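Some structures are shown below for you to check.
Heads up, the next two complexes both have chain A, just with different partners, chain B and then chain C.
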Partner chain A sequence: MSGAVGREPVFPTRQSLGLMKSKLKGAETGHSLLKRKSEALTKRFREITRRIDEAKQKMGRVMQIAAFSLAEVSYAVGGDIGYQVQESAKQARFRVRAKQENVSGVFLPQFESYTQEGVNDFALTGLGKGGQQIQRCRETYARAVETLVELASLQTAFLILDEVIKVVNRRVNAIEHVIIPRTENTIKYINSELDELDREEFYRLKKVSGKKQRDNAAADAEILAARQKAAAEEAGKSPAAEEPGAADVLGEQEDNDVIF
Partner chain B sequence: MASATTYKDRQLLAVIGDEDSVTGLLLAGIGHVTEGAGGQRNFLVVDAKTETSQIEQAFQNFTQERKDIAVLLINQHVAERIRHSLDSFADPFPAVLEIPSKDHPYDPEKDSVLKRVRRLFGE
Partner chain C sequence: MEGLFFNVNGGYVEGIVRGYRNSLLSGQNYNNLTQCETIDDVKLQLGPAYGDFLAALPPNPSTSALAGKMTDKMVSEFRYLIAQSVGSTAKFLEYLTYGYMIDNIALLITGTLHERDTRELLERCHPLGWFETLPVLCVATNIEELYNSVLIETPLAAYFKGSLSHQDLDELNIEIVRNTLYKNYLEDFYNFVNSHPDFAGPTQEVMSEILQFEADRRSINITLNSFGTELSKQERRKLYPEFGNLYPEGSLMLSRAEDVEGVALAVSAVADYKNFFDAVGLSQGGGGLGGMGGGPADGKSLEDLFYQKEMEMSKVLFTRQFTPAVVYGWMKLKEQEIRNVTWISECIAQNQKERIGNFISVF
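The block that comes next holds the complex of A and B.
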């Protein structure tokens, strides 16, 4: 009866049968819902991986352009501006803001880049020469960073979705392969146990009624025998009684009661 | 799962990379130095002389300790040096992004995330 998955420890009663049936129904509903959720997430996930691939290619190109514009700057300035830039960096002008996007109950963060106005650490960089190149380089790099931020949010979404899909699939499988078979097993067990009880009850009733019938039959036979005996006695007595008792027909003498 | 508090105050980008990459990204305006004494920078310049332990420490600092960094950009050739830390880092925040540098073209085969993508699709 109990297969590989076993059954729940319940008493085989009608009440627990009803409970198990509603549980099975719930599990099936939950299973189909989770399955659909997992499918929606997987669809999203595939889309994101495709976009990550694209964005990575794009990033390669954008960074190349940016590196080239930086080379232009060092050519125009005629020296290394690295130290100057590193030392004058104080406040981030380019920041990101995270907002949430809801995909089938999963919150995916999305970074959105924005520039803090009024902060400029590099007002003096390139003051001597190469100011124009530096300006252009900054714009190029700002665009590159925007691409990077986009890629970062895709990547974060990828990591979170990966995790969530794993969890959801685990749940789907657990319901499909453990909870539903086990509940079905329990229902089967309760049903067979109840049937067994039914058969027992039926047999008992049959037994009882058979005994009653036998008793009745015995009682009937006894009465019949008694009556026959009485009748025989009567028959034996009557020829003798006919002579003196011819006048006795009207029944002054008590008859035996007739019992049917 | 990421709750709202873990990333609402993450605003900054951080970078670990060679001088050119860092300079360029700083020009874009991502540079930030925390206020007060011993202000922490959100960037690290790596050259041939930089110790791997130093990179490691900066990586741990940016990913674990600082709570205001949303995205960590790291040059791929630098990432190669601390690959095991990168591979074992799986949190969604901050997002670690490998970027190409001028001298080292981008190789998608080495990227931690792309490796996972490939593994997932069985390629």
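The block that comes next holds the complex of A and C.
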């Protein structure tokens, strides 16, 4: 897997290592956050699914009762009141208000139904006969529409949540399976490159210091040999002669670089 | 003596109606209908009574289509009757159609008020309320024109005159217009059967009784239905027909009634209505309006009881002879039959069999 993910195209430097490390940390935080969001949304989603199921069953029952009450009206009135009701209705009695609800950053529209009291445009319909049945039928249908509104708001929430959950899950998976492994890979790569560099450097230093030691040893041996030779000559000429080889530390000549 | 010459003019019509009466569905037929599983079964059961009128219906027709075809049959039978009748009988039959005319005109007024194309509305009009000049009303584009043409063109002119002006049509609720017209119609009809010399005797007796009942029923219904609406008591009072068992004391009390108890009190003078109110539990105040249409224990509402009473009166009409009143009885019975069948088929179509027995059968 990690082979397929590859790594980021960065230079293996300490700076980019730092960058990558903070990126990994960010990705992990983001992942856990998104995971929690997705869980919250899914929980909500399940609840909505359950409520849709309930609402649909309720709708079935309510619509049946409503249709039956219309049959009662046509029995009591003995004629068609449809046209009259249509014509006398001027104002909506049953209204819907839309609200927004925030579920972990997702705005779900919510429809809320309410009845405008006092608006009753066809209260006099069926004055001669069947008036009560008509009013009852109206109430039954108002209840049916209420159920429909409830169902509509649930269905809208269902669709939106479905979409959002898909997006969030895609993000979670992308972070989990692509971004995090890739960043880890990059970090691993940078680390290994840096280690390699370190080892090379160390080896080079060792080489240099080895050569230096050899050079020093040779120089020491030379000086020693020269001293011995001078001492032998001194012993031959004047033993009181100054030591020529004693290095003048504070003198003009350059010091050798000290390399560790 | 009164029957001596009746058959010269009215005998044939009466005979025909008695024949029609025999084709009304009986309790046995209704029993069979309630056993049906589909609308097609219903159609099959109605076959003997309705025959070729239902033949054109597609398989599993809608209940409204079924009811439409049944109405068609009633209309064609009635048209035959009216074509066969002469003199006072013809006049009497015309009176029967005025009620439907009022509905049709109310429909057209509604359409004109809302500036709809009234020609489309003609199809919705009840065929019994059709009169030759009805399409003329569609020419009217505003309510004043309509009012003037209603006054001139239609048989209902007399009912508009004196109680409604064209401003009223504009301002009043159409239901109030309709009920005002209906009140005038009932009063006129009542006056007609009581004053026409041909109807002295059985027609006057039975028609007075049944029209009085109709008037009372309307008064009671209007009162009950007006609770909680903007209809004021004065306006309400104007809609009560000025005759009937309740008139004048009962009507006055009705017009003052504030609630169901008030209505129950107002009608308590008439034993029949008092029984109805007791039966549906309205007089105790326990039932309330919520009990209407099925709440009470026996499943009957006040409206049902009124229908029941009307049907029984219509049935009793057939015990009289030498009177065109049987046509009235037959029409009411037929209408109830159509409602019954519609109800039964609705129950079947919507699978709500538990209340299928909630129809009214008197035979």
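Here is the rule we go by: the second predicted complex is superposed on the first by the 201 of 260 C-alpha atoms of A that agree within 3 Å, B and C clash if a C-alpha of one lies under 4 Å from a C-alpha of the other, contacts with A are read in each partner's own complex, and residues count from 1 in each chain.
The rule we apply is simple: a contact is a pair of C-beta atoms (placed from the backbone, for glycine too) under 8 Å apart; a residue touches a chain by one contact, two chains touch by 3 or more.
Treat the numbers as computed from the prediction; the structure is a model and nothing was measured.
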Partner chain in contact with A:E72 - chain B first, chain C second, else both or neither: second
Touching partner for A:A92 - first (chain B), second (chain C), both, neither: first
Chain touching more of chain A, residue-wise (chain B, chain C): B
First, second, both or neither for A:V10, with chain B first and chain C second: neither
Touched partner set for A:L151, first chain B, second chain C, both or neither: first
Chain B versus chain C as contact partner of A:Q64, first or second or both or neither: both
Contact residues common to both interfaces of chain A (with chain B and with chain C): 64, 67, 71, 80, 125
Residues of chain B defined as touching chain A within the complex: 1-2, 4, 7-8, 10-13, 19-33, 41-43, 45, 70-71, 73, 90-93, 95-97, 99-102, 105-106, 108, 111, 113-114, 116-117, 120-121
Interface residues, chain A side, partner chain C - complex: 64, 67-68, 71-72, 74-76, 78-80, 83-84, 87-88, 120, 123-133, 136
Chain A partner contacts - residues on chain C that touch it in the complex: 63, 103, 106-107, 110-111, 113-114, 116, 121, 124, 126, 173-176, 178-179, 182, 217-218, 221-222, 224-226, 228-231, 239, 289, 292-294, 301, 303, 335, 339, 342-343, 346-347, 350, 352
Residues on chain A engaged by chain B in the complex (per definition of touch): 49, 52-53, 56, 59-60, 63-64, 66-67, 69-71, 80-82, 85-86, 89-98, 100, 107, 109, 111, 115, 119, 121-122, 125, 134, 137-138, 141-142, 144-145, 148-149, 151-153, 155-156, 158-160, 162-164
